[in-house]
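Before any comments, here is the structure.
Should a chain be cited, it is by its letter among A, B and C, assigned in written order, with residues numbered from 1 in that chain.
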Amino acid sequence: MTSPSRHLLALDDLTDETLERILLLAERLHADGTIGRDALAGATVGLLFFRGSLRTRSSFEAAVAQLGGHAINLTAHTDFWELEYRDGRVMDGRAPEHVRDAARVMSCYVDLLAVRPAPERQSWTVDRGDQQIRAWAKHASVPVVNMESGLWHPLQALADLFTLRRALGGTPGGERRRLCLAWTHSPTAAPVSAAHSMLVAACRAGYEVRLAHPPGFELDELVVERAASAARASGGELIHAKDLVSGVDGADIVYARSWESLDAYGDGTVAASRRARSTDWRVDERLMSKGRDARLMHAMPVRRNVEVTDEVLDGERSLLIEQAAARLPCQKALLLELLDKSAGL
Amino acid sequence: MTSPSRHLLALDDLTDETLERILLLAERLHADGTIGRDALAGATVGLLFFRGSLRTRSSFEAAVAQLGGHAINLTAHTDFWELEYRDGRVMDGRAPEHVRDAARVMSCYVDLLAVRPAPERQSWTVDRGDQQIRAWAKHASVPVVNMESGLWHPLQALADLFTLRRALGGTPGGERRRLCLAWTHSPTAAPVSAAHSMLVAACRAGYEVRLAHPPGFELDELVVERAASAARASGGELIHAKDLVSGVDGADIVYARSWESLDAYGDGTVAASRRARSTDWRVDERLMSKGRDARLMHAMPVRRNVEVTDEVLDGERSLLIEQAAARLPCQKALLLELLDKSAGL
Amino acid sequence: MTSPSRHLLALDDLTDETLERILLLAERLHADGTIGRDALAGATVGLLFFRGSLRTRSSFEAAVAQLGGHAINLTAHTDFWELEYRDGRVMDGRAPEHVRDAARVMSCYVDLLAVRPAPERQSWTVDRGDQQIRAWAKHASVPVVNMESGLWHPLQALADLFTLRRALGGTPGGERRRLCLAWTHSPTAAPVSAAHSMLVAACRAGYEVRLAHPPGFELDELVVERAASAARASGGELIHAKDLVSGVDGADIVYARSWESLDAYGDGTVAASRRARSTDWRVDERLMSKGRDARLMHAMPVRRNVEVTDEVLDGERSLLIEQAAARLPCQKALLLELLDKSAGL
């Protein structure tokens, strides 16, 4: 039995103190990949993917293996089936099993469950509730880690914070560092989850955050409120920029992401038409030069020469590989923390 | 090279003595998850899934990993292809490879093969022959474990026996314990395999077994004969109940399962119509109260409020999670037995 | 950072000296499966399958596990997505990510990448460029192993050489050994890759190689030239046989393979019609008896009684299982070589 506080559904589930401990441990794991090599010996971690994954899947499984544990990878559609997550239903539809049962059963076999749910994508009002990952957390008796839900992507945010600190130096103090979270055009928009987690994480960390996107691409209202309140508490600031150029102006970091329109959520035609109005929201060297020796971040996958030009991606400004690489030590540190194995490392 | 007796295609492949040894070892592994942690060091186990799986896949891979071995998970459709299993064929059809060759090749790479075949589902007369899993056993030179064929589900039966003994106490003696194997309605029926294995296992273990199902849902005739003969030998009894209530009357255990109609096998329309006539075959608290302080078992997945009500599933009567949890220690014990690694534990 | 010479895209990437070292180590690993059990402790290997696999997948993952390392298995379509491999493109099509990025990211998580790309199958002129696997090798900072591209299948060739040497004894000397690479009919042709790799490997090893196929099934011109030049250098010989019988005449080894027509590449209708003209290209006992106590090799999967009769496959002449078994020690030896872990074994 594990207390609910052991779950990581959003980065906000970690107190400042725990987050700091994880980031410091991640630093050490980054510097020396052999630290903790047997820390998870005998431990089993279940990875459940209801949507595909390259980076998260690889880095999480590598993290478990390099700590001496074993990851069981389960992929919906090939390995198992649809699950009901709402309580009290008469289950005469497509789903033959309830998360309540699947979560309790899996908790008998593994020491931690990492889940990437598939939002239903009909209504943002429904999907913003993150009901699937919450159901896993509610019913599992082992820690549950969110590997990207509709609302949040805490593993990405953890690696992003790690990368920001390494690029900009420590906790911001004295001169406030400036980050632009910049919407970019793509023919296939990404979920809002990584942008949400980054926005709150950067505000909470005390950065000046400029949010730049075309009309119709507003992030979730409650998430933006949470970010603003986090900025107030940390001495940071959240500013809405009217366009890419004013967003990037004087920025130390440009964090590019092509997130989908929540206004047009679940309506592919409207969404495509809306995206098509903003094909000039692209990051190139000229835009980057408006910043203050600005570096580029992006959670990937990145569509080259659509979202960001080759020139920027392959130049000195790019932090993308560092950012992706950070997933490994950050997730190792998180696993050690959640499974109480960080002592003595 | 391994003798054929090393295969587990049905629970009947295990002598009473071996079964007892496995169940006793499973008790110890259940009590202490660290026992045998390195027993399978260097061993490789192949898991071949021609049909999807959640519980079996997770618990088997966890069992291998927690004993220090490595499981290779292969899923048809994504990892490989259709296999021919009939001898002497001119292979100019869909299957590019024969089980004879695949089994011999895989035997070079792994120490044990666990297989979940996909019955053809055209004719029960054909599928009851379990030809695919038998072909694997015939041609492999390592032990083959049946992870649920058309006819049998021995891994489930092993966990079921383990759970029964824990719930009812030891080998039945003195007062004979009563178990009702109860058909339940579901919009999507499960294979008969788990019901078959449970029926024979419970009869062999000496319980009084009442079999309750609507007309048209008779289990395989030879399986029922085998169960009756096992009951005679063990001092148990197999009784056909005319309905759910008389089946559950005085029962210590209600084992619910929504198995398919073998009469309508391979004919989806007839099968659906037959199921639709028996929507009232559902387990609820009122039914359970007819038993003798009755507990519920179910091999899962369970459709809540269709097969069994939430009230029963989430109440004190349910043994479902214990039953699913038992898969892990029972499969560990089986692996140790089949791979001759149980000595000295 | 690893030098390009660390990649294995074709068997020719290995010098004679390195190849010899690998084959000798493979002999020892074949004789004793416990050698090197911890040699890859802490190492992580990424397996990326853009096409399905049974033998390569199983034997590669088993090799990694039995050396103490961990293999992460990623399968396109279930785990990730299409990747762009051409430089400089505006990525507004189906592929959301570039190999340049995927390869650099994966290099942060694993110590070696093994890739089975999916050729586009539109044009042999394009696919013979092996652009996908070359892109992985170009951008990865860890060794890249080709698990079968359009042009080459070096892992198969390694196991084939190993099997040839065991069957025929050492490096050929004195009496020159004769091998017939024999096209066989199948309703579904295999890629040319294994035939290509075998042809060059056997010529390079000094055998007299007779290539027998119907008109329209010529192998890639540059590959045949490379084979001929390798034969000249090694003292072997490459001879084009006009039919199966003259190819097999006096052969020590018949290497059967049903490869596709490069002339009809990407045109299913023409290809099927061309194959249909040569249904008598089948290996049976009568054909084998033309050889010199001839043994059969085949890279599998083999369509029984279409490509080769049961009588030959199940008789004393068949080396198929030995050949498949050789994948394991050969791939172990290769891994140890590429990861610099063979010292002291």
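In this text, a contact is a pair of C-beta atoms (placed from the backbone, for glycine too) under 8 Å apart; a residue touches a chain by one contact, two chains touch by 3 or more.
Just so you know, these numbers come straight off a predicted model, no measurement behind them.
Chemist: Rounding to the nearest 5 degrees, give the angle of the rotation that lays the CA atoms of subunit A over those of subunit C.
Modeler: 120
Chemist: Pick same or different for copies subunit A and subunit B, depending on whether their interface residues overlap by over half.
Modeler: different
Chemist: Let me have the rounded angstrom distance from the C-alpha centre of subunit A over to the C-alpha centre of subunit B, please.
Modeler: 40
Chemist: When you check subunit A against every other chain, which residues touch at least two of them?
Modeler: 73, 78
Chemist: For subunit B, which residues are in contact with subunit C within the complex?
Modeler: Interface residues on the subunit B side: 42, 44, 46, 70, 72-74, 78-81, 84, 87-93, 96-98, 100-102, 104-106, 108-110.
Chemist: Quick one: which bits of subunit A touch subunit C in the complex? Just the residue numbers, please.
Modeler: Residues in contact with subunit C: 33-34, 37, 49, 52-55, 57-59, 61-62, 65-66, 73, 75, 77-78, 186-188, 300-306, 310, 313, 320-321, 324-325, 327-328.
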